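Scrolling down, you'll hit the structures one after another.
Each of the two complexes below includes chain A, the first together with chain B, the second together with chain C.
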Partner chain A sequence: MSAATAHTGTPRRRTLAYLGLSVLGACIGLLFLLPLWWTFVNSLRPGGDTFRYLNPLQWETFFTATPTLSNYAALLHSDLGLATLNSVIVSAITVVVGLAICSMAAFALAAIPFRGSGAVFIVVVVSFLIPFDAIAIPLANLFRDWNLQNTYAGLILPGLGNGMAIFLLRTFFLAIPKDLVEAGRLDGLGWWGIFRRIYLPLSVPSLIGAGLTLFLFQWQSYMWPLLNGTDSQHILGPIALSNLQGQFNVDYGVMFAGSIVLTVIPLAIIIGFQRYFIQSVSTTGLK
Partner chain B sequence: MNLLGSEDPTTFAPVIAAFKTKNPDITVKYAQVPFDQLNPTLQQRLGAKDDTIDLYTVDQPRLSQLAAQGFLEDLSTLKEQTKAAVPDAQYSVNLYQDKLWALPVWNSTQLMFFNKKSLDAAGIAYPSIDPAQRMTWEQIAKDGKAAQAAGTQFGLLLEQVEAYYQLQPLAESLGGGSGITGDKMLTTDITNTGWEKAMQWYSDTFSSGLSPRGVGGFQTSPLFTSGKVAYFVGGPWDIGNFAKSDIDWGVAPMPYFAGGSQATPTGSWSWGINPASKNKAAAKKFLEFASLDPAGNLATTDATTIIPANTAATAHYLPKLEALGGAKTTGLANLIAHENTQTATPRPVSVGYIQFEELMGKAFADIRNGSPVDERLKQATQQINDAWKQL
Partner chain C sequence: MAPSQVFDRRKTPETTATGQVPTTRSRRRRASPSLIALAFLAPALISLIVLRIAPAAVALWESLFRQSLLQGGTVFVGLGNYGDLFGNADFTNALLVTLVFSLIVNPLQIGAAFLLAVLYTRKAAGAKIWRSLVVLPIAVPPAVSAVVWSVIYRPDGLGNSFLALLGLPAQPFLTSPQQSLASIMVLLSWIGIGYWMLFLIAGINDVPSELYEAASIDGASAWRKLWSVTFPLVRRPLAFVLVADTVSNFLIFAPVQILTKGGPSGSSNLLMYDIYTRAYTLGDLSKAQAEVIILVLLTLIIVALQFRLLRSSDAA
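Then we have the complex of A and B:
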């Protein structure tokens, strides 16, 4: 009898523990979402009301009964629209051209045996271990000499050769069986054919992962456009957002609305490609 | 020609348009850099002799260092004209080693705003706008606590809680001086009795809960407009926004310590010419228009609430500013004119000001968060001296 109770009790206890953990996990997940939600709610309120319901905490801290889109309307009169468009253009070109360059570099390092490939690989690894901010100032001086200041090319170029993306892709490429390369060779494929017809089709998840790395580098770009002397025609999203903060006062409502706009775009892209992204990180080097 | 600054483009649109009407052959293009990034961006681009900047906005206390680095064109030929056009404090802040390096465009002061509903609830009389009846910090702290007891969340809040600009007058009022002394203005003096007493008082306003610790930077005025603060010390730039808010407020002179001297902040922005510019003549013409020509200088304040530096422009401007607040700001023009000429205490002119301001900002932040005052001021002295050794 007691044994029977123990038998039915254990799974029930397990279910309870499982439920408890799930609820706890969900609560912790919601805590991470909270700041973003608070930003969103306050983007629907006039700026003067941002701190009104903050202390003590009340239901109105996280909800508003009278949402207004006036902050979003105010964004229409700012540079944010043009800046978002510029950011999308710069990021998109960086992803397309950058992926072409990085995947070819990674292929050369992973599949083509040549003398010095180890040294080249070390240079690539070192290049992404040095923070970009550390080389930005001398690089900006070079760009000025080359008349690339205040141009789209000047904004895009530093994002193209991304060491991290090359590293990710090379690791993935190394796991592709060499038998496939040999089979391709027997069918008369050259290096380009092997890259184009064998490696690329097999590497879609890791290409998406590397593409996101390239995209985020440009989407968050803040210091570089400032050093590069960008004017109001070439302005990028993060700069326009920062410009919303005046010297003497800040309209938090408009600021939060701008933040939401700039967050939604990468959020949509990441959620859309999430499956591939997780796959690419989890399978890199394992195949 | 190109002008670089940290203001919203709409701020300078009127002065650029007014200049264009008079000088159709010169086109002025304005580029904005976020306020927090203005100084690093200028350092890098001017250091690289970037000729796409012709004219730029100069934070007045940073002028000596910019001039010493060779980032400003000498404008000494305009000395006499400038001296005649602006108040003395606005002329002298643009001098370094007896040469004129920039022309003043804007000026500033600090005022004390109060929340009428909050004071009514506590039965406290409104402070007078008359500078002769200036309140003391001791009285404000006492009344602020009474207002808190009557239901207002916070008694007192300074707009720039960690900025030397706004906190210097506390020490000045108690005889502590600016914090920089010596012939070369490179000797730190922030551990004297005046500074220690002032900072202890400031620290106490936070530890007693009179002022909130959580809100920082230049992000405090929304707290006043949401009715949570009884007394708020801010600038004339707040008047425009407060007038649009739905709380009932009034304005009074910035307080001082009982028995101490009356000191208020002053100074704002000048504009200077980049020596690497290829359009110096055009830049100079525009600069003279924006600073020395009363109409041009007035136009720089069309789209924002800030005091113009030019004396004739100020005389036109102050009644306009007073009208902006309606009945709430009656007497404001007189008050600001009084503060500009009688109590304005400029920030020290020193090539080490930039390091001084940054390290003092950190010290103020620690002090308001509870660091022991005398120890933290000693530590700041050490840090500033170390930073200055590298000059």
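Then we have the complex of A and C:
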């Protein structure tokens, strides 16, 4: 380390570089924050004031001295509030059922030696290579024929089998020593017992990572819920929000409050499970 | 690591299980592993086959037929729909717009993500905090960011306030054929750069610090180190990011549908949105299916290229 510092320049130059990098990093970071911050501030003031402080820019553009939660209160009784609740329900069911389905499949691929496992893995990979949004339109036609349009099942089903989640879990399961399987068998466990009592408890971090993948797939989806569930009972948050935007008389305050709620929910989950999120990201990148 | 802990936890329930069920054990031993594996796999396999592969197969099949008003059903037309598509001005325009869009937005996002990854892995005050602000937009659902930016891009919105602050004239943004696509690119970069930066930061952190020290001893400048040490060593995550970003940018739909509806005059009509209008506004399902197949093939080609890229970077 001392050799390196000696060659990077004088202490004064290094302090300057440190300061410069800090300021540059801060400016870029704040620039990225700006749209969201502005959304947040606007969600705290009446919709009529959205465009009041924009010309010219002033401190009140980005701050408000009289914050009010009335937009959030209005959200509670609006269609957008109901749609957000729908999003929560659909995502929660997707994560629970999807994790069960994907972890079972990953377990079979990683732990059970059987003929044809190669072929099954190819099916998983192929289905994972076909981008879901690209086939959403043909699938929506099928769902209409199967009477799944405008049902919760129709919204949830496509999110359950997730090639990426299976892949993540399989990678983790492969690292579990086979000795444990043998020990389990000697203790009288069947494959189900080995899965439930050995693999699942050992894999909590990767289960959380896969759960995040399933959750974000569902929470971020826009095309599928637009094609498959737009009646007032089953409409999801993002669709309701974009419908609001298209109207003539928009209450911008409520629209911004809805945007913040739809963002804070996944944000809280990502921050809460940050470690696992980064882990699953790096596993994906290393493939 | 974790295994030892959990091994202990595991022991208690199993000792009781051992005593009870010698018969089940011998029965289970006899069940064929293929059948058991299939039982574990069935829910996932069925959902992947029915919800991913089947619709692609259906699209491929239906793209070979066409509604016939004369015969009152569908007739087989082979590759006729594909031929018609390539003769269709809207489709060729959408293909061109998507191509131009990809060629600009991908290098832009990846270049910015790489530079920011380098910036935020240097020693600086609050680097972790500023970095997380750049990552923040990945939590915002695409539809939400499109709605927020629709207000920013309004003539009296935040975008023009900033231009005014810099002394620049107000711009039409989404209502101008010259600026609509660029406006969508800016919005997508706001969402995407932080996400791709995460992969590159992971890659840069894997570069052993001795390499930098050695380069410093050799008197290499900061740029030289960036180009000769960092860049070659993050080639693998870079290749991944390049392909994943390209694929995801082929599938952009929400911002187009919410902000521009493909316009003005087709200037932001990306392929996904063209498929959507062809299927639902024009109601020409068989051509839309053909377009789905073209899109899926395009993404598959890019993913195949990824495997080539990764393999050659392994060899190097």
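Just so it is clear, the second predicted complex is superposed on the first by the 216 of 287 C-alpha atoms of A that agree within 3 Å, B and C clash if a C-alpha of one lies under 4 Å from a C-alpha of the other, contacts with A are read in each partner's own complex, and residues count from 1 in each chain.
Convention: contacts are C-beta pairs under 8 Å (C-beta built on N, C-alpha and C of every residue); 3 or more make two chains touch, one makes a residue touch a chain.
What you see is a predicted model; the values in this text were computed from it and never measured.
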| request: Figure out whether A:68 sits in contact with chain B (first) or chain C (second), or with both, or with neither. | output: neither
Task: Which of chain B and chain C A:229 touches, first, second, both or neither - done: first
Touch test for A:270: chain B only (first), chain C only (second), both, or neither?
second
(Q) Contact-wise, after the overlay, does A:245 reach chain B, chain C, both or neither (first, second, both, neither)? (A) both
Report task. Look at A:15 in the shared chain and tell me whether it touches chain B only, chain C only, both, or neither; answer first, second, both or neither. Result -> neither
Of the partners chain B and chain C, which touch A:149 in the superposed model: first, second, both, neither?
first
| query | Can A:104 be said to touch chain B (first), chain C (second), both, or neither? | reply | second
The answer to whether chain B or chain C touches more of chain A is C
After superposition on the shared chain, which partner residues are touched by A:48: those of chain B (first), chain C (second), both, or neither? first
Examine A:137 and indicate which partner it touches, taking first as chain B and second as chain C; both and neither are also allowed. both
Chain A residues contacting chain B in one complex and chain C in the other 50-51, 55, 137, 141, 223, 226, 239, 242, 245-246, 252
Counting only contacts in the complex, chain C reaches chain A at residues 2-3, 6-7, 9-10, 13-15, 17-18, 20-22, 24-25, 28, 33-34, 36-38, 40-41, 43-49, 51-56, 58-59, 62, 116, 119-120, 122-127, 129-134, 136-152, 154, 156-158, 160-162, 164-165, 190, 193-194, 198-199, 202-203, 212-213, 216-217, 219, 236-237, 240-241, 247, 250-251, 253-254, 257-258, 272, 275-276, 279, 285, 288-289, 292, 295-296, 299-300, 303, 310
Chain B partner, complex, touching residues on chain A are 47-52, 55, 79, 137, 140-141, 144, 149-150, 223, 226-227, 229, 231-232, 239, 242-243, 245-250, 252
Note: in the complex, chain B contacts chain A through residues 6-9, 29-37, 41, 44-45, 48, 50, 52-53, 153, 215, 218-219, 221-223, 225-228, 235, 237-238, 241, 245-246, 304-306
As the complex stands, chain A meets chain C at residues 1, 3-4, 7-8, 18-19, 21-22, 24-26, 28-30, 32-33, 35-36, 38-39, 50-51, 54-57, 61, 100-102, 104-105, 107-109, 112-117, 120, 123-124, 126-127, 129-135, 137-139, 141-142, 157-158, 160-161, 163, 166, 176-177, 180, 184-185, 187-191, 193, 195, 197-198, 201-202, 219-220, 222-223, 226, 237-239, 241-242, 244-246, 252, 255-256, 259, 262-263, 266-267, 270, 278, 281-282, 284-287
